[in-house]
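Just below is one structure, and these are the notes that go with it.
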């Protein structure tokens, strides 16, 4: 089946963070593709990826990057699909550089930014977007939230004992 | 016609920023509702708003807030709709407080954060989401981008003269 | 006996920090309850907790949270009791995000914020508040301070030897 | 009648901010005294003020200061009363210096910190503390909140027209 | 005569800053071209500009941008010429966002970053680079420095009177 | 012999940093005393220390503190001696809190601030001050600098081999 | 009479701040010289100034600089006199850049740093240093502090009326 | 053969970072010299180094420094060669201090700043500058980029399997 979500990252060193997005999509049984696209080392690949994304059936692109972190913004400049940016924590500026580079986009080209290392939420946001036209997914999503709630309640109950 | 996008803000002092979101939606002829919901002064209203949003037909909620800026995150906690957060610039910490409060959501409850005062991009992101299932809108969106591009090219041409 | 202080936290990962508040209250023999309330994963529980807090006899609520850290502010929005917020240190922004989210509350709804990871001081502040109408507690509090002072003087004496 | 709340500030240049605390206390008809105490220029006065505060009937001290901002912390070091610190916005570091100096107190000596320039909330926090043993005040406080809520609802209604 | 330096900027609102680079090049009688290239609104133009820069005779590219500020880094990703980045001061984060986005490039693709709004120094750096193979320019450059020095000495003399 | 320099710190956890000041003074054979004075836990001791410092022969006070870090500023408020402040690195805000609290003193009461954890330089600054009236010390100081220089030259020579 | 204090600054745009240091020294009738020395535009002058400072009778050098702000540190590297650094507020980074550049000196070469724009305190620190060997000055200094205290007490009295 | 690039650093503790610059130059077979020059401990050596750099054949100077980090700026003040500054990560302020000190140079004296610890890019920038007049080097540089690109594509292919 054709992937609906593209998960891309600037370097495979971002994989430990970004695979959490994949795990969420696995949980919701949403097809995705996952690969490395470097804005700075493979600018042509970035262009190709962004230009063909919609045509090949992608609905949302999740892009993680650290430091100068141009990947999400440049994909959003080329493609009209919703782009979700994941600022990767860096060893020098803790991901503040990644966050500012990704979130401070100029008027006209949005990137939906999540928390530093927030790949899980990037995937959940993609699920929310797909669920707008997929009742099944909307249902699963509600269950996911109920499970989260239940887990907190259980932890609370244990603490209160 | 029923509104598809809810634009809310923590205080009417946020209106000069947030009405830019409304103007974008006007341009794309997308129905929206716009109002004030204060997370801290009207917590019950916040709950009601978030709980009924999907049922009354909203697809996306755009929430602007400044300072502690709990509005977007709390709406996202109650509603399953995609929530787009707009950090409002503050006179004390320039909106850094708003940005951190909105973007640093914990795993499980995403807020799609845009730039400080980036209400325009919040609306464009909502358009992108709606356009996933609306070819007409997708078409208008491409035209919008082409106009943006044309305007830059015109400015460039003038500068190069 | 009925608890006078409620200690809540956004996640049980905050427990190592927040139990220091409990230890202080143990020292002063003040009844407290301690549990997990997640603003984002259990918003209904948050509402219930805050709405019933005063009626069940709580005098002060100590709320610890990290990242977007909406818990203290939202409890303060619903309950009229004094709320003391403890910004939890985070691995990405060192707790700056937690601090700004908790302390930068808008006019009308205060949160008494202590230092990052300052759960001990949150409890001591609660003791000070209760001691305003409890001479016994006021007495113990003075002794606590004298012991602190004595400990510093002893350390100083040893260093000066 | 004897003042219950002491409002102090490091310099009379802080008065435009700190008088907002006085206005809140006026609204709630709570007696207060308001004066200047400089931690650095009048350290003896600071000591005297803090040492006699409880004996002369004060229940809570609200202390505003900017920059190095030692006033709240040093009053809290000398007096056992709850001390509420108001970080004053500065022209150089926007009040970040004031905020860090006031909130980052070491274990043992808490300062209840509110937002930068948050004098209004400092007073409301003091009201909450006094209301714990004053049903009349508790009642007034609820009315205050209802008025706040009503004002937001009215603004919202006007915006929605 | 063919331009040796390309001065580009993300928006014509950057012109007041970037024209200072042009003035320096005018002073040194170095041919340059100046135009607008938006990384986000005209990504194709960016690619074209960067790909043809060397072939048409440019030796150095000076790129100014604010906010997410991807222009310098993306030009550097496509072209092999030295790229000098000028972080433009922004109204929200004072140019910290621009600075981090421009300077924190990953290994492999450098951007020579100057101070926030430092367009003048960007041009002087370009002059230094060209002067490595142009004795005439090297000579002029030394005179420029001597004039700077002389101006300071004159100011100093006046102050010392 | 009577101590000329007082080295004080807010807590004995600051000792590993502050003893580097002592080692420098040992090297220069300058008498010093070293102890703990807590601004917040022993405010009376702080007052006594600062008030008697000049009378007992101290010429300079070196004060290290972390977090809210009121010690150097409060000693400077009480004593007229030059006070050198050492901001101690903290586990939460890396010492930024300590730095701002110590350096941002209001007009009238200076604290000579050195780098975060810069106890060594605090001592060297004290040596420079004493050397103004002590030719012997001035001489030793020049030798110290020459040794520093020699060490760098030696390292350089080794690297260049 | 020979100047005892050298007041230097990186540019005459720093004069409005730095002349406050001169006014303090005028008040204390201490001879000083005031001039411009640019670390970057007149490095030779910097060297000359620092190398001859002690020989011509200067006891303390007060150096103000903004941005990269190398002046105080480089003077301290060349001269053995105590150097007091004044970080000048900048329009871009508010003086944070100046502060970090001046205060974060490496072990071996101290700069006594005061608050951003704290030229007044720089002068008072110089007075404290000179007063160590000048009873007359020590006396005047105490009077200065008493006047400061008196002024605060007067303001306080007026506010308390 | 005579060195074309000078790699200098403030302390040999910067060597682990700065040797990455050397490795890049080795790869491109560009002659370089590498040594320690401390702006603060060996100011005379700094002057000598900068003054003789051009005459002895250097074309570009790469200077790494941490903390107050005056080395790159002072070398740029004395020499007319292009100076590339590498802000070294520090244990206290993560290299923010180094970055601000190096990049925020005043008009007239540029330093081409790269990322925190970005020594590799400093060398690549030097290569780009030399390649402007060296076709061979230009060729090698393109191959280097193609290899980088190829490596990313290979990683991507593996991930996509």
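A, B, C, D, E, F, G and H are the chain letters, set down in written order, and residue numbers restart from 1 in every chain.
Methods note: a contact is a pair of C-beta atoms (placed from the backbone, for glycine too) under 8 Å apart; a residue touches a chain by one contact, two chains touch by 3 or more.
Keep in mind it's a predicted model, so treat the numbers as computed, not measured.
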Required steps from chain B to chain G (each step between touching chains, minimum): 2
Copies chain G and chain H touch via same or different residues, half shared test: same
Chain pair among B-E, A-C or A-E whose interface repeats that of G-H, sharing over half of the contact pairs by residue number: A-E
More contacts between chains, A-E or B-E: A-E
Computed distance of Cα centres, chain H from chain E, in Å: 18
Distance between the centres, which are taken as Cα means, of chain E and chain D, whole angstrom: 49
Inter-centroid spacing, chain F versus chain B (mean Cα positions, whole Å): 52
Rounded Å distance, chain B centre to chain D centre (Cα mean): 35
Set of chain E residues in contact with two or more other chains: 11, 38, 41, 67-68, 92-94, 96, 103-106, 108-109, 115-116, 145, 148
Set of all touching chain pairs, with the criterion as stated earlier: A-B, A-C, A-E, A-H, B-C, B-D, B-E, C-D, C-F, D-F, D-G, E-G, E-H, F-G, F-H, G-H
In the complex with chain E, residue positions of chain A that touch it: 10-11, 38-41, 43, 47, 67-70, 73-74, 76-78, 90, 92-93, 96-97, 100-106, 108-109
Chain B-facing residues of chain A, complex: 59, 80-82, 84, 99, 103-116, 118, 120-122, 124-125, 128-129, 131-133, 138, 141-142, 145, 148
In the complex with chain A, residue positions of chain H that touch it: 89, 94-96, 115-117, 145, 148-149, 151-153, 155-156, 159-160
Touch list for chain F against partner chain C, complex: 11-12, 15, 33-38, 41-42, 45, 67-68, 91-94
